[in-house]
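You will see two complexes here that share chain A, one where it goes with chain B and one where it goes with chain C.
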Partner chain A sequence: MILTLLRYTCRDCSRILLPTARIEQYCDRLKRLGKDKGPDVMRKKLKDIITASKSSGKCPHCKAKQKKIMLEKPSTFFEDDKRISPIEIRSRFEKLNDGDIELFGLNPAAVRPEWMILTVLPIPPVTMRPSITLETGERSEDDLTHKLGDIVRINQRLFENINAGAPEIIVEDLWDLLQYHITTFFDNDVAQLPPARHRSGQPLKTLSERIKSKEGRIRHNLTGKRTNFSARTVISPDPMLGLSEVGVPDIMAMKLTVPERVTEWNINYLKEFVRKGPKSYPGANYVVRPDGKKKKLTDDTVEASVEELQPGYIVERHLMDGDIAMFNRQPSLHRMSMMCHSVRVLPCKTLRLNPAVCFPYNADFDGDEMNLHIPQTEEARAEAELLTLVGTQMISPRYGLSVIGCIQDAISGNYILSRNDFSMSKSEAIDLLASVGVIDVSKLPKKDTVSGKEIFSVLLPDDFSFSGRSRSREEPDVVIKSGRLVSGVMDKNNLGEGSGLLLRNLHKKYGRQFALDVLGKMFKLGIAVLMKRGFTTALSDTDLPQEAKLQIQGVFQRAEQDVTELVAQYNSGRLDILPGRTLRETLELKILEVLNKARDETGKIVAMNVESYSHTVVMAISGARGTPLNLAQMAGCVGQQALRGKRIENGYNGRTLSCFRRDDLSPEARGFIKSSFKSGLKPAEFFFQSVVGRDALMDTALRTPKSGYLYRRLANALQDLKVEYDETVRDSGGRIVQFVYGEDGIDVSKSEGGVLNIKRVVSEVLEK
Partner chain B sequence: MASDALKELQETLPEGVYRMVAELLPEKLSDSKAKEFAKKVADEYGGMKVEAGESVGLVAAESIGEPGTQMTLDTFHFAGVSEMNVTMGLPRIIEILDGRKKLTTPMMEIYLKKPYSEGQDIKKIALMIRETKLHDIATEFSINVADNRIEAQLDLAKMRELGINEAVLAKALKFSAKGVIVDVKGGTLVLKVKAKEGGVSDVFKLKEKLRESFVRGVRGVTQVLPVKKNNEYVILTFGSNLKKVMQYPFVDEARTTTNDIFEIEETLGIEAARQAVIDEVYKVIETQGLNVDIRHLMLVADVMSADGKVKGITRYGVVRDKSSVLARASFETPIKHIINASLYGEVDNLTSVVENVMLNQPVPVGTGLPKLVSKNK
Partner chain C sequence: MKKIDVKKHVLVPKHVKLSEKEKEEVLRQYNARFEDFPRILKKDAALQGINVKYGDLIKIVRKSPTARETVFYRVVVLS
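Entry: the complex of A and B
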């Protein structure tokens, strides 16, 4: 900046090196540029203009000859070969006129260029650079203090030397040293300078480092906040909890408090808490007097505090059932990553949640920890409850479907229940329903045995109609007519998170509270069914009859023959090359095709021969866990291990592992696993599987920071866009980005899968 | 009467929504039903509208950022045809949103006009589009040191296959290699250097240059692949040059696309570029089997193209144009932003989110927007 100003202004009269006519010509354009693209671009443009019009090397205003100015980074300026002192530069800047400054991208109303050269150094107060006293009594000063010490010392020496009339060289050296210290005081990361260090050799952390980066002032302290009244531990599941409840351990509940104001109506109620004190539950930890004085409750002070309590006081009582809490799991990528739950105080030491809300948090129970925050004011509580209660977050703003649904066992259970072959005696059914909290069983038909579909229908409201698809194509479509499940099975497509309109429609028609309630019951019903019936996955699920094994072997033999044939074609050059590929690539693609076909065939054989409704198959079909492919891998064969869409390539010279011959292109030598997980893998096969496994692990490890950065950038760029009262989308500067949000003004989280479901409306109107 | 109610409905609903209504509406409809229907649709639509203050930007960012963690890093993916590798997955999304000018895999999808789209001369057309360089059709280069001549043996069979005759070649070379007398005779190409001066090394350099010289086709298109897609032939290419391709008479300009957003901006304008951003991101998300509503992508694309130029979501693009200093400083390179702001004496009006977070104030979005007078304590 200083360089630009020096270079492009006259050394005598300090006018910009442009004729007056040209200034006027460019002025507007530059200003517009500065506004559009920022001052950096504007300055660059100005330089270009001046360089272009600089002809004679003379000032167009006073005709004085100009000299060449060089900057020796970081802070020494030369004019031709003579050094210019900062004092001189400053005096030149003082003469610059306001109009010219503006062209350089400075605002004359706010700054003067000479301010860039300091005459006095502002010293930050000690609060900014506290000294720490170690336990040993030693005092350790802050980095900034050290730097300031350096500056003062050198300055003193410079002063003495100048006064003593020391030789010019010494003065100049000291001058430079002082300049170095002052530069590093501001920024210890200047490119041309060695960073100033501690005696231990570790670089000093000076002003600019304090502001920068993730640990800097801005991102760490100003944008990141810390809070009290929060807790964190391991989570564990509890399906008996409501969907919008959170189980809080009692020891936690005795530390987390809710302030409650004493009024004449609740004084006796609150006195009870105070009397119990901090050590027994439910008690209170603090009493706040109207003048703001906080008093800690201890065994000694309890009695006095109970006496003292009167309207206007605030009691910080222990957390109780029904209190409001914010529950959160990192990474908080979603608004559903932080939801409001109501507290249930429970024994033991983990935070508990209903497994159905795992999906929005992306939580599992392999040691995940979660955070809990207790809002402290009425406003906060109201806002938390109205905006972030689990029910309000049920419909994802990402795709307009429910993010909360049944998972795993709950899906298997409902699938088994709603299948046509399920029936049980009426008394059993009533038992089952009662165990999930359904009391009104009048919807059950008056028969001795009731079908599973009828049991499931009890949960549905009488006027609910729905039609949808099942996961498996063999099953008929799901049809619900006036609250009765007529056909189809309940599987992941209907009950799972992020799929199907069943939950969405329930939410739409009967409201969030009801939808959440029904979902909770469905969840419990599924699990209750499994508990009643028994459900496991066993080794025998993967048993195959002898002929199936032979069939599979046949498939392998044929595949192997095909591959040998392909290799032979390749070796003799008879292979047809696919367009855009080399011969070798063509071969690989063809082999891969053959092998994948072989695996699919074994999959089919397995699917045909395995017991058709074994529990493993039920899980795969209902979408609870696993796929038919996983089953085939357990019973039939694991298949080709592909690394980046190719077979495994040579790791050693000409071969994948040292137990194969060189240039062996056969399936086994390139990562095809013939064995099944049940029969066990051969050493080489095991190795190939771990190769692919590790690749997948690497992939995840590399992806997380990349997508994290993308997310941060997106969030930063878009965070201040909001819908204004005139329905336009604008940024914080008031610039319009969209005239109508999303071209139709529909809020995704209020839509049904992103659209207004006209079909439903049509049928609703016509049916009436 | 029925039409009255519906007409009214048409006026209140946005175009896209009404189109769906018209599609699904049964043909016969009694007046009262129509009225009831119109009211119901209008009500439902009203209930679905975004509320003022909704921070749609952050929701969009979350909706795109969150599935990012689930995406595979699989750089290459088959784009329908097994012969073609195209960048997909997270790297592609980053590429698009960064607004990168150089793509890792530029690609075009060229639709053809009838009768070519039915397969007539498809191979010939494809080869016409592909960039052909001299070394593609020449087998051997030799330098005649004495006469300052370069001789090249031409592969006549290949030339015939590509449909290049001597005249075309001579014309093309005249264009790309100046200062050289071109003479094509039979199977040999003789190039005589006009300038008398020039040592052997210069001739050698010239030879190397000539090897790479452009003979025919579209610059940048290194590979072509005719593919049958929904009963018509489409040419997929590696490398992209939309402007040039559209000049061919047999190309259907209306449907031909590229995955290079900047090229679209240059040739078709900003609105097309905006649509391209939406389409490209959506394509990736779709192939990954993820579900993200199109409205979020629209918003991102609109932000990127709001100034009439495609800008990436980086500190040089969208973020730099923010009106608030503190918002910019909180993103990246805070020192630079603070220094520039001080030089210009910028004022921060605290209208966006981060500044208010810094100052511990309610943010001016959502419920932070309406100002109510209330007493705390």
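Entry: the complex of A and C
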């Protein structure tokens, strides 16, 4: 800024280097630009105008010759080759007139350019730089104090030297040193300067470091703070909890409190808490008098406090079942990363949540920790409940489908239940339904044995109709007619999170509370079915009959022959080169093709020969966990290990491991794993798997922080875009970003998977 | 070298210059100043061959994966 002002104003008369006519010509345009795009753009434009109209280095007002001004960073100015002193610069700035200043983007009513050059240094008070007394009685001063000490010392020396009439070089050196200390007092990582250090060598933390970046005052202390009434521990699953409940350890519940105001009506109820004191549950930790005095309850003060209690007092009682809590897991990328749950106080030391809400939090139980916050006022509780209760977050604003759904065992269970071959006696079915909390079983048909589909239908409301698709090849069409599951199986496509419209439609038709209830029941029903029936994965799930093993061997032999043939063609130069590839690349591609085909074939053989309703297969086809490929890897063969899209090539010169011959292009020398996980891997195969495994691990470890930062930037850039009433998306300045939100104007969270089902809307209107 | 007309490329949407009257209409519809509209450079390849000046409004009709066809407006700027 100083440089701009020096360069573009006259050194004699301090007018802007533009003829008066031009100033008038550009004044309005510049001011408008400044208003639109900020002073930086405006200044740049001004520079362009002046550079364009520079009349041979002469001032258009007083005709004085202009000299070239250079800035030697950080703080020395040269005019031609002569140094200009700060005093000189300041005196030039003093002469600038108000109209010119405005053109440079400064408001003359509020600021004068000469204020940019300090004549006195403001000293921050000691509260900003407290000294610490160590145990040894030694005093340790703050970094800022050290810096100020330096400044004062050098300033004194400069003063003495000038007074003593020291030679100019010495004065100038001292002057520079003082400038250095003052610069580093404000900012200790100016690019051209060595940072000022302690005697120990560690850089001093000066003013700008206190404010800047993540650990600075703004991001660390002002935008984000540590908070009271919060808790954090390891999480673990509890499927018996409701979807919108959170299990809080009892020891936590005795530390977290909820304030309750004493009234005539609840005084006896609250006295009970006070009487119990802080050590027995449910008790209270504090009593607040009407004058705001807070009293901690201890064993000695309990009796007195109970007596003292009267309307107007506030009791901070222990957390109890049904209280409201905000539950959160970092990184909070979503609005679903922070939801409101109702508290269930439980024994043991972990926070518990229903596994169905893992997905929106992106939580698992391998040691994840989560945070809990207890709103302290009635308003906060109401707001949390209305805006962030689990039910309100059920439909994702990203794709308009449910973000909570059945997972893992719950899917397997519902799949088995809704398959056509499932049936049980009616009394067993009633038992089953009762165990998930369904009491009204009048929907069950009056037969002695009932089918699984009929049991599942009990959960559905009577007027619910739905048609969709399932993953299953046998019963791909899911049809629900007036609350009965007519055909189709329940699998991940219908019950899982982020897929299928079943949950979405339930939510739309019956509201969130109902949808959440049904989902919770479905979840428990699935698990209950498995508990009744038994469910496990066994080694025998991967057993193959002898002829299948022979078939697989045959596949390998053929693949190996094909590869040998390809290599022979390659060696003799008979291989047809694919366009855009080298000979070698062609060979690799062809080999990869052959080997992948072999892997797929073994996969098929495994799929055909493995027992069709073994539990492993059930999990794979219902989508609960695992894929048919995983099964093929366990029973058939693991397949080619690929590193960056290629077979493994590196290691020794021309070979992957020392046990192979050089330039051996055979499958097993380049990372093809013939064995299955069940039969066990050969040493070389194991090594190849480890290579790829390590690479994948490194990749995720390196990618996570990168994508996190990318997301932060994206979120910061988009955070104040807003859809206006005319459906345009605009930023905070009213500038249009999109003319219709999302180009189709659909609020995804109110749609079904991002589209509006016009047909259904019409038919529903016609019905009425 | 053969000159390629980018406007004929499948990925370049249709750009139409609006008349003064139409422009007023659009500005009124969105209750916005023309500074609030997204911009397009006068030297933009898609505008070559059309006679446009600073402040003209260009109507762009694009294909959209969500809405089949969508209308977008841009105001011509010089730089």
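As a convention for this text, the second predicted complex is superposed on the first by the 717 of 768 C-alpha atoms of A that agree within 3 Å, B and C clash if a C-alpha of one lies under 4 Å from a C-alpha of the other, contacts with A are read in each partner's own complex, and residues count from 1 in each chain.
Keep in mind that, in the parts below, contacts are C-beta pairs under 8 Å (C-beta built on N, C-alpha and C of every residue); 3 or more make two chains touch, one makes a residue touch a chain.
Keep in mind that this is a model prediction, so the values were computed, not measured.
Of the two partner chains placed around the shared chain by superposition, chain B is the only one that A:713 touches, whereas chain C remains out of contact. Using the contact criterion defined above for the overlaid structures, shared-chain residue A:746 touches chain B and also reaches chain C.
Set against each other, chain B and chain C touch different numbers of residues in chain A, with B touching more.
Once chain A of one complex is fitted onto chain A of the other, the partner contacts of A:728 are limited to chain C, with no touch recorded for chain B. By the touch criterion stated above, A:645 is placed in contact with chain B alone, chain C being left untouched.
In the superposition on chain A, no contact is made by A:565 with either chain B or chain C. After overlaying the two complexes on the shared chain, residue contacts for A:737 are found with chain B and with chain C alike. In the overlay built on the shared chain, the residue A:431 is in contact with neither chain B nor chain C.
Common to the chain B-facing and chain C-facing surfaces of chain A are residues 36, 733-735, 737, 740, 742-746, 754. By the touch rule above, chain A contacts chain C in their complex via residues 36, 726, 728, 730, 733-737, 739-740, 742-746, 754.
By the touch criterion given at the top, residues 14, 16-17, 20-21, 24-26, 33, 36-37, 40-41, 44-45, 47-69, 71-74, 76, 78, 82-84, 90, 93-94, 97, 223, 225, 291-296, 298-300, 302-303, 306-307, 313-314, 318-320, 322-324, 327, 329-331, 334-335, 338, 340, 342-345, 351-354, 357-358, 360, 364-367, 369, 374, 376 of chain B touch chain A in their complex. Considering their complex, residues 29-32, 35-38, 64, 66-67, 70-73 of chain C touch chain A. Remark: chain A residues 1, 36, 38-40, 105-107, 109-111, 187, 208, 211-212, 216, 218-219, 222-223, 225, 331, 333-335, 377, 379, 383, 387, 397-401, 498, 578-581, 589, 644-645, 699, 702-704, 706-708, 710-711, 713-725, 727, 729, 731-735, 737-738, 740-751, 754-756, 758-759, 761-762, 764-766, 768 touch chain B in the complex.
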